[in-house]
Structures are given as C-alpha cells and as structure tokens.
Amino acid sequence: MLHIVNKSPFERTSLASCLRVAAKGGALLLIEDGVYAVVKNSAVEKDLRGAMAGMPVYALQADVEARGLANRVMDGVKLVGYDGFVDLVAEHSNVQSWL
Amino acid sequence: MKFSIMVNEGPYTHQASDSAYQFAKAALAKGHEIYRVFFYHDGVNNATRLTVPPQDDRNVVNRWSELAQQQKLDMVVCIAAAQRRGLLDENEASRQGKDANNIVPGFRISGLGQLVEAGIQADRLVVFGD
Amino acid sequence: MSEMDMEEGGTVKKFMFLNRKAPYGTVYALEGLEVVLISAAFDQDVSLAFLDDGVFQLTKGQNTKGVEMKNFSPTYRALEGYDIEKLYVERESMESRGLSEDDLLVDVQVKSAAELGALMNEQDVVISF
Amino acid sequence: MKFSIMVNEGPYTHQASDSAYQFAKAALAKGHEIYRVFFYHDGVNNATRLTVPPQDDRNVVNRWSELAQQQKLDMVVCIAAAQRRGLLDENEASRQGKDANNIVPGFRISGLGQLVEAGIQADRLVVFGD
Amino acid sequence: MLHIVNKSPFERTSLASCLRVAAKGGALLLIEDGVYAVVKNSAVEKDLRGAMAGMPVYALQADVEARGLANRVMDGVKLVGYDGFVDLVAEHSNVQSWL
Amino acid sequence: MSEMDMEEGGTVKKFMFLNRKAPYGTVYALEGLEVVLISAAFDQDVSLAFLDDGVFQLTKGQNTKGVEMKNFSPTYRALEGYDIEKLYVERESMESRGLSEDDLLVDVQVKSAAELGALMNEQDVVISF
C-alpha cells in the first residue's frame, strides 16, 4: 500500500497515525505540507528515520522546492516528480491518503 | 492503467486541487487512462465559471476545464455537495427555482454513485483533500 | 486488484471507508457517511474503520439542539439495515480519547493499529474522510 | 459594547460560520452593537444565493441574510477573496464580463480595508475560522 | 486576553501552542472541536489540568452537548452558552482565536 | 483598548498579525499577507509574529515553478517599504523545525514563547492566520 501524507507533522497528527497503522511492505509519499517532515535536524527527524527503517520514504520534489527545503532534505528521502508520483501509485496495489 | 481521482477541496484555499491536476496531467502524459475525476466536499467549488483570480496566479478552474475538453475527461461534481455550496448547472437552476447558474464547461453534475463506480471501474482511486 | 472477484455478473471490490475526523466541527464525517450509504447500492464488500478523531463520530448521547445542526449519529445505527456490518475501531485511538466500547452507539470490532493496518492492506479501494 | 466579527470559512464545510452566527445573535440579544461582519478566505462562500441545503438541515446563507436585513448589519465580503472563489454581485459581474452573479441580499462586496477599519472602530474583533 | 481554541487537541497542536504562549491572567475558551479537550481520562487531561492551574478554562455548552460529552467533562471546566461567550469577549481587553 | 491612542486626529491601535500556517499547502499565509499590506495604509501600530508552521513562510530559497503557484515570499522583504518593521519569530517554533535565523529571508526579532505571549497581551487587535 502507498501511504500519502499531505499534512505538516508539526501541526497535525496525520503522519504519526500513518506510521502507527501502516503495515510493513508499503511505501510513504510526502506531498504538499507533508514534505516538511523531511527537514534535517527537526523535532520529527527521529520519527521519519524510524519510518525509513520499515519502508521507503519519498517526497514530491515540486513541493520540497516550493517550500525552500531543497537543501534541507534528510539523507535517505527519495525525491520524485509528479511522474514518479504516478509510478508509485501504479506500482502499489492500493493507496491511502492520510487527509 | 486506469486511474480515478477524487478532489475534496476548492480552488486556492487548499493545494489539493493543484496536486490533483498535476497528477492527472502526469498520468495522461505517461499514457495512463483517467476514468473519472470526482469532485466532492468543497471540491465542487472547482467547477464555478465565476472566478477571477489575480493575473499573476494560475487559473485553477480554467485549467481543469481545458484539460477536460482537450482530453475528453469525465469530470463529475457531486450533486448533494454542490447543492449545499451553491454550484448549479442550467438544469438544476431551473429545477430549484434559482435565477442563475455557475458551472463551467467540462464538468457535469451527478450523484455520489459515480464516485463508488469510479472506485469499482478504475485500477486505482487517488484522493486529494485536506 | 488481487482481491477483486466476479460475482453475480458484477465486480465486487473491497472498499474501506476510513473515518478520521470528528463530527460537527467539519462536514467530512457527515458527507463521508453519505458516501457509505450510497455504496450499499453497489453490492461491494464494504467496511468502515474509525481511527483518530473519527471514533468521536460514534459517541452516545450526541445532542445538536444548541448548535442547530443535524444530529446524524442515529444513522450509524441504521447501517446494519444496509448490510454494512463491518465496523472497526482502532483501540489506541479510542482509549487515548478516554472512551471505551460502552461509550459507542453501535457494536464495533476493536482492532489494534497493526490489525487495522493489515485490513487496510487487503482493500482494493480506501477512501479516507 | 461594539463588536466586529470575521468569518473565514464557508457554509457547512466548517462550523466557523455557525459559531459566528450564534455569537452575533447572542451579542445582539444582550444589547451589544455589531459594527461589521467581515467574510474572508472561504468565508466569502457564505454569501451565495445559489445554495440548496437538505430540508432537514439549517440554511446557513439565508440565516445570515435574514439577520443582516432584520438587524441592519453591515456584512462585507472581501472582493479579492471573492474573485478567487467566484462570488460576484451584479456590478462586479458586468465589470468582469461574467454572465451571472450569485450574491444574496444582505451582503456587500468591498475591499480588505473594511476589515482593518472594523478592527479600529470596534471594541473587539472576534475571528471564526479553521 | 481571551484565548479561543476550536481544534481537537488529538489532531492538531493549536491547544499546545496556546498553552505554551499564553501569558498569565488570561482565560481559555474551548469551542467547536476544541471541546474534545475536556473529556475525562483522555491523553490530554494532564495538559488541560496544567492549564487550569494558570487560568480559568471554559467550554461552550452547545458544542459539548453536540459531541455527546455532557457526562464526560473534567471537573473544573466551566460550561458557558453563546451569551457567556459574548460576556467573556467583553470582559477581556483582547482576544486571540488559535485557528 | 488601554493601548489605544489618538494621534494626528485618528485612532491608532496595536494590531498584531499572527502567522501560524505554512505557505502553499493552504491559502492562509498568502491572504494573510494581503491583509498586512492593506493595514499599512491605516497608520496603525502593526506587528507580525511567526509562530508554529508560520515560520516556514520565511524560509529562503522558495521556488514555486514546479507547483505552478505564485511565489509570494519576496513580499516579506518589501514590508519594510510599507513601514512594517516589527517582525517577531518564536524561538521554539523555529528551532523545533530545524531552522535558525540564517535560514530566514528577512531580519526578525527572535522571542521566547513567554515574550511573545506578553506582546500579544499588549495588543488591541490580534488576527491569526
């Protein structure tokens, strides 16, 4: 399952809920304000590191760039374009948007 | 592959409609099919032809409308959500005794069943919202 | 798609409606329930899950007279009549909100986060409200 | 005492408009004055006369419209926010070359300065939003 | 200053931000989904108890009742009607809505 | 109202615009900034505070080409030209987001939560976006 999170982890609990519930074998895609989770040295870095131990973590490049985070992305996060977003949806048998 | 897309927020207020549009364009560019785009909750507000956004910003409504017409997309506005929020086509306006309508070409108004059917018929349903 | 099945000439998919928002403060719970009711007409394999603030949708004793909004909580009791019988509540969401099964207005199956995650994995379509 | 009220979300989607309405009614019942109600962000959507809510639910738009007319409230819709979202009065529609308008009686369209002025002139500004 | 919080403390960080920043001498009013903070035996009970040590805490009765919380309110929270809401705004020299 | 003052024949009030939301994901930051610019025409005592995700409005290097939205971050640099010079950032919000003053595109005064709370207390009008 592809898990999509579009909310800032500093403001909402969506990412935490996703990480609590998501079964192994899935992937996490951060879009919109969800990409704030990738910032280095933040209070949520540890949570995202934990997530990366269990599944691949992607972030939408256009959203990362819009927010001025291009030079602040944690190692291990894979940036994708909208075309990569489409591929991720196609590659996983189902998808959940953590709105 | 066949995608359906659900858009749950209106233009400008949330990025959901922008992300859905970029996803739709990218999917089409890769040769995928889009079975339906379904607009629910405040997403119905993407279908009004009365917006006049600032000149230096994107026109969210026109972008959808043009994409629908170019690519023959089926873009459906939920009727119940639209009624709560004041989105009407000519038909609905006359049925409800309203003196104006505001739907832009490219969208059609229909029932929630179209969402369930979009989930059944497509290989993936991707939801964009708040 | 692996779970898709052909029955009585039509496609039967596993649909999960995942309720994560509290009622009344926003419209998502109410309009989500409208989707659930419509889905019953399509003979799909439907389940509802209540997670995070979504569990507050099921609290007993809702009285909306003061806020002048429609109390839609009785509708959850009517779901059985639509043959929608798989209702899941995540345990941690419920307990961290000071609620127990006795506080809920319908019978539900209480699941751990991991159990709910496994159920989600089995679905063809997940719509989250 | 003199209150101003700011409403930042549309009808039904968020409770903000409901809470603001109940607050306004209670303030008036206590003999306070309401200097202005200012609708910003998606709050401008409270001003459309095209909504058709379910029969068993409250009519958010009509409630505001009636309160404004009964109590001679000054209810202002921000023009910039309204243009982004497709809310127009007759004047604006003709100025923008749009073929329809959708504002309900009781609201008027004006600039953001009306919000700042509402903050200056009232003893308290209370904000309702998401 | 009257602080108004309308967000669920289980979903958003608005209440936490309010309690971190609010100066002494103010008051807290919970409305809309903000009233979920008053539920007994929840994970946020301790935070709200801490807040009550520093300032009075009010909750809008209509919102408490709508959500089925009338019998679940922590001791020490004062319920007010919309008229009491108006009084609170009038009694404090300024007001902040933690949207 | 205690801070209200009469100057040059008009009322001068202390207005604080409190920015708590991230840009682009929602419109609040952009439309909030439009209010700030208008307020400059009223000769009020205006300050801006950035708290919670609002501090992300000020990050350097925003590039909105990919999302096709308007990059409004340069406008914060123009505020000085409108005589809006009191910009506050709460320290904890900034630091917990992995940011320092060097990451911000304007000069700001960094305040503790308690200092910001005291500033809020002094205002006549607070509008939070």
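The first chain written gets the first letter, and so on, giving A, B, C, D, E and F; residue counts start at 1 in each chain.
As a working rule, a residue touches a chain if its C-beta (ideal position, glycine included) is under 8 Å from a C-beta of that chain, and two chains touch if they have at least 3 such contacts.
No experiment lies behind these values; they were computed from the predicted model shown.
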{"item": "Required steps from chain D to chain E (each step between touching chains, minimum)", "value": "1"}
{"item": "Set of chains whose contacts include both chain D and chain C", "value": "B, E"}
{"item": "Most remote chain, CA-based centroid, reference being chain A", "value": "D"}
{"item": "Longest centre-to-centre distance from chain B, chain (CA-based)", "value": "E"}
{"item": "Numbering shared by both copies at the chain D-chain B contact, with half separating same from different", "value": "same"}
{"item": "Chain B and chain D, separation of their C-alpha mean positions in angstrom", "value": "26"}
{"item": "Inter-centroid spacing, chain F versus chain C (mean Cα positions, whole Å)", "value": "40"}
{"item": "Separation of chain B from chain E, taking each centre as the mean of its C-alpha atoms, in whole Å", "value": "38"}
{"item": "Residues of chain D touching at least two other chains", "value": "12-13, 15, 22, 41, 54, 80, 84, 123, 125, 127, 130"}
{"item": "Contacts with two or more other chains, residues of chain F listed in rising order", "value": "1, 24-27, 52, 67, 69, 124-125, 128"}
{"item": "Junction residues of chain E, two or more chains touched", "value": "6, 10-11, 13, 32-33, 62, 81, 94-95, 97, 99"}
{"item": "Every chain pair in contact, whichever chains are involved", "value": "A-B, A-C, A-E, A-F, B-C, B-D, B-F, C-D, C-E, D-E, D-F, E-F"}
{"item": "Parts of chain D lying in touch with chain B, wherever the complex brings them together", "value": "10-13, 41-42, 45, 48-54, 61, 80, 83-88, 93, 96, 98, 100-102"}
{"item": "Residue numbers on chain C that touch chain A, as the complex places them", "value": "1-2, 18, 20, 51-52, 90, 92, 113-114, 116-118, 120-121, 123-126, 128-129"}
{"item": "Chain F-touching residues of chain E, taken from the complex the two chains share", "value": "1, 13, 17, 20-23, 25-26, 93-99"}
{"item": "Touching residues (chain side chain E, partner chain C) in the complex", "value": "6-8, 10-11, 32-33, 36, 39-43, 45, 61-63, 65-72, 81"}
{"item": "Of all residues in chain A, those that touch chain B in their complex", "value": "4, 6, 31-33, 62, 81-83, 85-87, 89-90, 94-95, 97, 99"}
